[in-house]
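Two complexes come next, and they have one chain in common, chain A, joined by chain B in the first and chain C in the second.
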Partner chain A sequence: MIRRSEYHDSVTLMEIARSLNALPGVVDAAVVMATEANRALLEQAGLWGPELELATANDLIVAVHAGSEVLAEHALEMAGERLARPQSGRRAGAEQAGAHRARTITSAVRGHPGTNLAVISVAGQYAAAEAWEALHNGLHVLLFSDNVSIENEVALKQYAVQHGLFMMGADCGTAILNGVALGFANVVPRGPVGIVAASGTGLQETSTLLARLGLGISQGIGTGGRDLKEAVGGLTMLQGFRALQSDPETEVLLLVSKPPAPAVAERVLAQVKESDKPTVVCFLGGTQEPIVGAGAHPARTLQEGAYRAAALAGRAVTEGAIARETADLQVQAATLRGGLRAGQRYLRGLYSGGTLATEALIVWGEMVGDVHSNVPLRPHLKLQDASRSQGHCAVDLGEDEFTVGRLHPMIDHELRIRRLMQEADDPEVAVILLDVVLGYGAHPDPAGELGPAIAGARARAQEGGRELLVVVSVTGTDGDPQGLGRQVKALEQAGAVVASCNAAAARLAGYIVTGGRAL
Partner chain B sequence: VSQETISTLFGSKLSVVNVGLRSFAESLADQGVAVSDVDWRPPRVPYLRVISSGIDIEAANAEAVARIQQARPMLVGMGIAREAIPGYEPPPGKRALILHAGPPITWDRMCGPQRGAVMGALVYEGLAADENEAAQMAARGEIAFEPCHHYHAVGPMAGIISPSMPVFTVRNGAFGNLAYATQNEGLGRVLRYGAYGSDVYERLRWMEEVLYPTLKAAIEAIEVGIDLRALIAQALHMGDECHNRNRAGTSLFLRALTPALIRTCPDRERAAAVFEFIQGNDHFFLNLSMAAGKAALEPAEGIEGATLLTVMARNGTDFGIRMAGMPERWFVAPAGIVDGLYLPGFSADDANPDIGDSTVTETAGYGGFAMACAPAIARFVGGTPQDALEATLEMYEICYAEHEQFTIPALDFRGTPLGIDVRKVAQTGILPRLNTGIAHKEPGIGMVGAGVLRAPEQCFVEAFESICR
Partner chain C sequence: VIALVAPEIDDGPLNIVLGNWPGLLSGVQAGMPVAYVPSRLVLDGLRIELEAAHTWQPCPDWEMLRGRRAAIESSLSSLESLCLDHDPDNVLLSLLGASSPVRGRTAMLAQRYCEAAGQLEAGWRGDKDALIEGGAALAGLGDGLTPAGDDFMVGVALWAWLAHPSPERFCSTLATAAAPRTTTLSAAFLRAAACGQCSAAWHLLLAALAEGRSAEIGRAAREVLAHGASSGMDALIGFLYLSRDKEDACRTSI
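Now for the complex of A and B:
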């Protein structure tokens, strides 16, 4: 079925496709815009037919493979109904019911003259043009979309820097400006710590940890994942860092990213050196010496980054706190180990946040030894097949290989739950780790879906005569729409062990599988 | 490198435009942040900022809009078409020159009402004994036809201007250019709706012999003329959109005219008859609103690279547009079918396709684009004042600017959408909304209703392609 010149955002389409796939008798279903890329996907899936040849990129396609024509018709009908229905009873912002909505950024700005920020999350092929339109209208930009060419990113950022505008992204998932959570972000208080992060989840983890330590953040600026690559040169990181250096609200700076390209690291650290505000630098997996050389405070993990920044902001929490917590974790691990059988020796991390997977790998690097991953710290530990674990293993389920044509695991738990069951059936598995990310943008009730799955996985292992440990970290605050306390409680009731943060969860699991022995 | 805007951002309230995932807008609304969620869809064509020759379209359009807004259309006088309109004379070998609405057209392609109006005009001029003879004359090629727009003129519906017809002269005080339009006959069986017959001629003759000299004397006695821009601005605040509703404009015009009318007309009964004619014709002001629009738009013609429309006109067969950057070139598509309300005894089956130069009002930033000003005629666009508001709000999407002189009370005095930008029409696929009267498709009958429609897409597509080349 072709629906001409009809546009819906991809989340809506994937939700509809998911509900079609759930219908009895439906083998496979797709609800997609008829782009070249989607056409290829449909052909691969055997969902392409000659009657779809007439569709153009502006048309919507609903394709169903079902047990019978009647079932297929029924599915198409349901798709039609779902597409016709308004996506939400609630309308955004100050718009009145039935009021006209602007069709372009320019027109929205004209109708709302005080507009200062554009949040853009359209499909990648359209994203750069929208970002240009926003910049030309004098707006700061958070570009959530990915699949924007690096040339476009560079050109957009150069223009933005020249005009004193923020160009956060492409692929910028999180920012907190003036206390407002943007994209995937948590509700945290305002305070003295300014964060610039190339990783959205990194910003979420550090800002929520600070919040739990009683510290707020002044601004949380996202740069997008590629900002520190050689080609982009850290334009937004440097710009954000300068802005926070001169921001009177910011007392302590925290930089979070994977290790930048060497030339970029040099530039960033040169900027750090000029800072008269204390600065914590967390280059996850990078070397510490140059950071110390720049007069800044290095942090190996997100947790350390948050704690160090807190200490510098005058909170009486120091690394001693992490050491004390670690001692407690060792005790806890020893107790938990008691229920394991002899053959249970591996840990399996099933992550929705790539940066959280990386942080765990860093923790395990010194505790556990080799951990395989689809995002390994060292190339030889790359998983042959990301859909099957081997040995100790951490999988980032938010990687492209898992998310083509489906929602991100922070929104849709189906894939992760399936993988959880797969791991539960493996008699060599001792402990499974899950990260749960709360806040705006994320699933409205992760514990409501993951909780029963955790209980189910443990029950399955029990049937096999084993105790299965599930360790969970929850990134969030009590101010988040899901509520940290409620989520933790539900997860614990389901039999999960909830650690204080992602790094702590990794350490706990590490002690469980190593029995507390250092390498 | 300026950090200024960033420190301003840190110090100010966030106000966000969201493009894409709706949930992001909802999250912001939850946090009490002002957010406008764009009803985004993939642009059909990219937004073009520079022409291949390197000319900056934005700058060209800004100049075009500035000129349109500076315009000061003043009603300064009247004359007889063949004398008043520069260059109005038949080419060699032709018996007469007749001006018509819309893009150029030949007799064989003319629609019924335009033919009817031509036939009627030839009889009225005494060039033909009856309508039959007039039609034969035209069919034999004895009559030259030219668009009003080629002569700085505009004509509603069939838009016929024949040599003896009186015309208003509107002078743009800012640029000195002149524009012309006939006197409005009223509704029903009238020439501009394609009607002919003795009743039609009788009225035209009265308008030529009584109305015209009386009005001319009065208008020319007003030293600075009548400020049409001011009248339009006021009428927009009084429930007119100055295309399908001209009740306020007509009243304001009469008020501006009456002292001079009384002073200059020696015959009290004639003055009263003139007053009665105008007050009995709610659309009398339409022709003045149109001439004002024409006078305001012409100075924008010839700005290289400008993609705003300066002409949008229909002849009942074709719909044509011209851009400020290419003022000589018509882009043409078939005229559309009007979604209308009909007079008793008529229906959509009787309707001729869209016709007339009156879309000059939409082109100049009022008419259908100012529907939000005219809740009284909201029935044309769905029935409620909210529908009228949304009709205007939608037109902002395809306009380059907002009018500084013409404002909309119901939208907190926001300026009316001004400057139809071919790029934006091409990008969004939103076509201009037009208000219009409806003529019977057969010659000789007249008005059957009024309604609304959209401009046809094809001429905008072609105009956009011509910019891209």
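Now for the complex of A and C:
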């Protein structure tokens, strides 16, 4: 087939050639310009016919070698149809909608001059280069990718700070900027609390708890997990803190992180001390005194962090709220432990969110003593083999050792379900604690997969003559695509006990095995 | 040939870069009459006033770049890796030592590229006939609106401007042999490259190579690679192909 003086861009020609070659019965097909060289090549390949003799270099030719004339005709017809369309496939849709498909950050910015932020999620080896390109184009960056060297992270952040840009990450999973959720984030209202977090799930847990207390956030700035390490120096947390201090919509600040390097903690707290806005600091597992010394409000858990921020923002939430809840949990625990047999004594936490696992380790550490983990609070409590639990144990299944070559457990529950069954077979296990994280990016229906697995695990234990308790926390809101209410209901129907948040779930589980007493 | 392009395509030897107005070119149809009057291009209802347009120099500072040739050569291995990562199936990669396809039309194509590229290499060393034969054989050869053989020669021409003792003569011979044998658009790109002209993305890449800044080399190379389906990569392979010949001192000039 000759199409006279017909020009299509190379992408279109190659897409059509590929689809013709994929048709059943087609031996070979070419969609090329009828140049001398291509003619010679097609002759050699047996794709040239006398009907193409009149084609010139500026003509497009479609040549098909197929098992039968009918099949060849069909392929030519299909090519004709595709070539007659104004544009091909996805590009047509995008271009007709006034958008363009940029293939580099620079061209995306040229096509959309108002762009001010890039979300980058590419393989680690390419991530720094893409982040540099975004920063050089004057964009703020949320760098979702991990496996970026610390040297690159420092250089990127230094450049960003010098140029008044935010460099969130590497390994930054969550941010909510001007009400727009980025990465794994939840649907929460706008409001007076500004959060800067070195932990994605920490930001999710605190922002959703605030939402449930009827309070919104002004901004949720993620820093990436390494920001408060000595080498990085808390560059993004300090920058975020400064930005929120001068943000008129932010009345209360909440900082969330694992304990920073001592020098970085000093730097952050020095800035907190100068702040004229009330600030809650949750350095999970860190000491409280320096925070108090800086005139800030310390929080031991994410729940405390959210509640204290809410109280400071004028919501009727006080210390008493958690104490009252704790009293209720003790009563609930006493009821639940009645079904356990002698010998069922261990807690097992199977986590998808690393910071939520840390929060459970902190709560349990105060209730039951030593808790083993692949992310332990103290080195001697590190699990020898992360695939096998030992004593009281909380495992972060989102760690690299579990996720290499597979999806994160917030998206893919297979690994966690397998581990749930493994724990259910252990006669010494009393309570299994699971976190369920909702929101954008997470599994579309976690309860739909975890619910039957929970019921199955409980049934397995029952076959062994035991009652297995499964306590679940759900991080999310009713505005999330999965719907908090729907998820809670489905999990409860599967036999899970659903707590109000992760810290409450950990306390409930702890009280079940300790009989209502803490250490 | 004049190319009316959207801002994301950026400056290029043939380009008039239009403002970012959605739907600006939606009324442009193939075969539509075009008129050029001084400082104005008219396509049916669309009038493009050129008087106020910024002009752009399509030739990089070749003299400066030739002075930095050693620095540029030392950064070429990273370009090669980028090409391999970008599309390991590109047939032209066999010219850089990647394994050749073994069957069918693709194998035939690879064989032709290999023979013709070898002739360009001989042409680089002073064999004018081989250069003409190689240019003619590569012209219009391969897939795409600008067939891959032409894009490859664009890259060869740019390398010649950087490294050949007589780039004008080498490139002019190549373009004269190739241009009449390919599509009008491809010939226009080839002629521009033969005059040392290249796109803004190539300008950035050459500058980054000269400075040896690896992050910027990667970024600029990705801009070049983003051109067309495979055109950017085919041109980069052409640029790299003759640079690999470390005995490239021309024994006789053309």
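Quick notes on this one:
Basically, the second predicted complex is superposed on the first by the 419 of 519 C-alpha atoms of A that agree within 3 Å, B and C clash if a C-alpha of one lies under 4 Å from a C-alpha of the other, contacts with A are read in each partner's own complex, and residues count from 1 in each chain.
In this section, a contact is a pair of C-beta atoms (placed from the backbone, for glycine too) under 8 Å apart; a residue touches a chain by one contact, two chains touch by 3 or more.
Note that the structure is a prediction, hence the values are computed from the model and not measured.
In the overlay built on the shared chain, the residue A:Ala45 is in contact with chain C alone; chain B does not reach it. In the superposition on chain A, A:Tyr159 makes contact with neither chain B nor chain C.
Note on chain A: of its two partners chain C and chain B, the one contacting more of its residues is B.
When the two structures are aligned on the shared chain, A:Gly441 is found in touch with chain B, with no touch to chain C.
Legend: residue contacts after superposition of the two complexes on their common chain; A:Leu13 is shown touching chain C, with no touch to chain B. By the touch criterion stated above, A:Ser107 is placed in contact with chain B and with chain C alike.
In the three-chain superposition model, chain A touches both chain B and chain C at residues 5, 7, 9, 11, 33, 57-58, 98, 100, 102-104, 107-108, 110-111, 129, 133.
By the touch criterion given at the top, residues 6-10, 20, 22-23, 30-31, 104-105, 108-109, 112, 137-147, 149, 181-186, 215-216, 218-219, 222-223, 226, 228-231 of chain C touch chain A in their complex.
Per the touch definition, chain A reaches chain C in the complex via residues 5-11, 13-14, 17, 28, 30-33, 35-38, 41-42, 44-45, 47, 57-58, 98, 100, 102-104, 106-108, 110-111, 113, 128-129, 132-133, 136. Of all residues in chain B, only 1-7, 9-10, 12-31, 33-44, 46-47, 386, 389-390, 393-394, 396-397, 402, 424, 427-430 touch chain A in the complex they form.
On chain A, the positions that touch chain B within their shared complex are 5, 7, 9, 11-12, 33, 57-58, 87-88, 90-95, 98-105, 107-112, 114-123, 126, 129-130, 133-134, 138-140, 144-145, 161-166, 177-178, 180-183, 187, 218-219, 239, 242-243, 246-247, 249, 440-441, 481.
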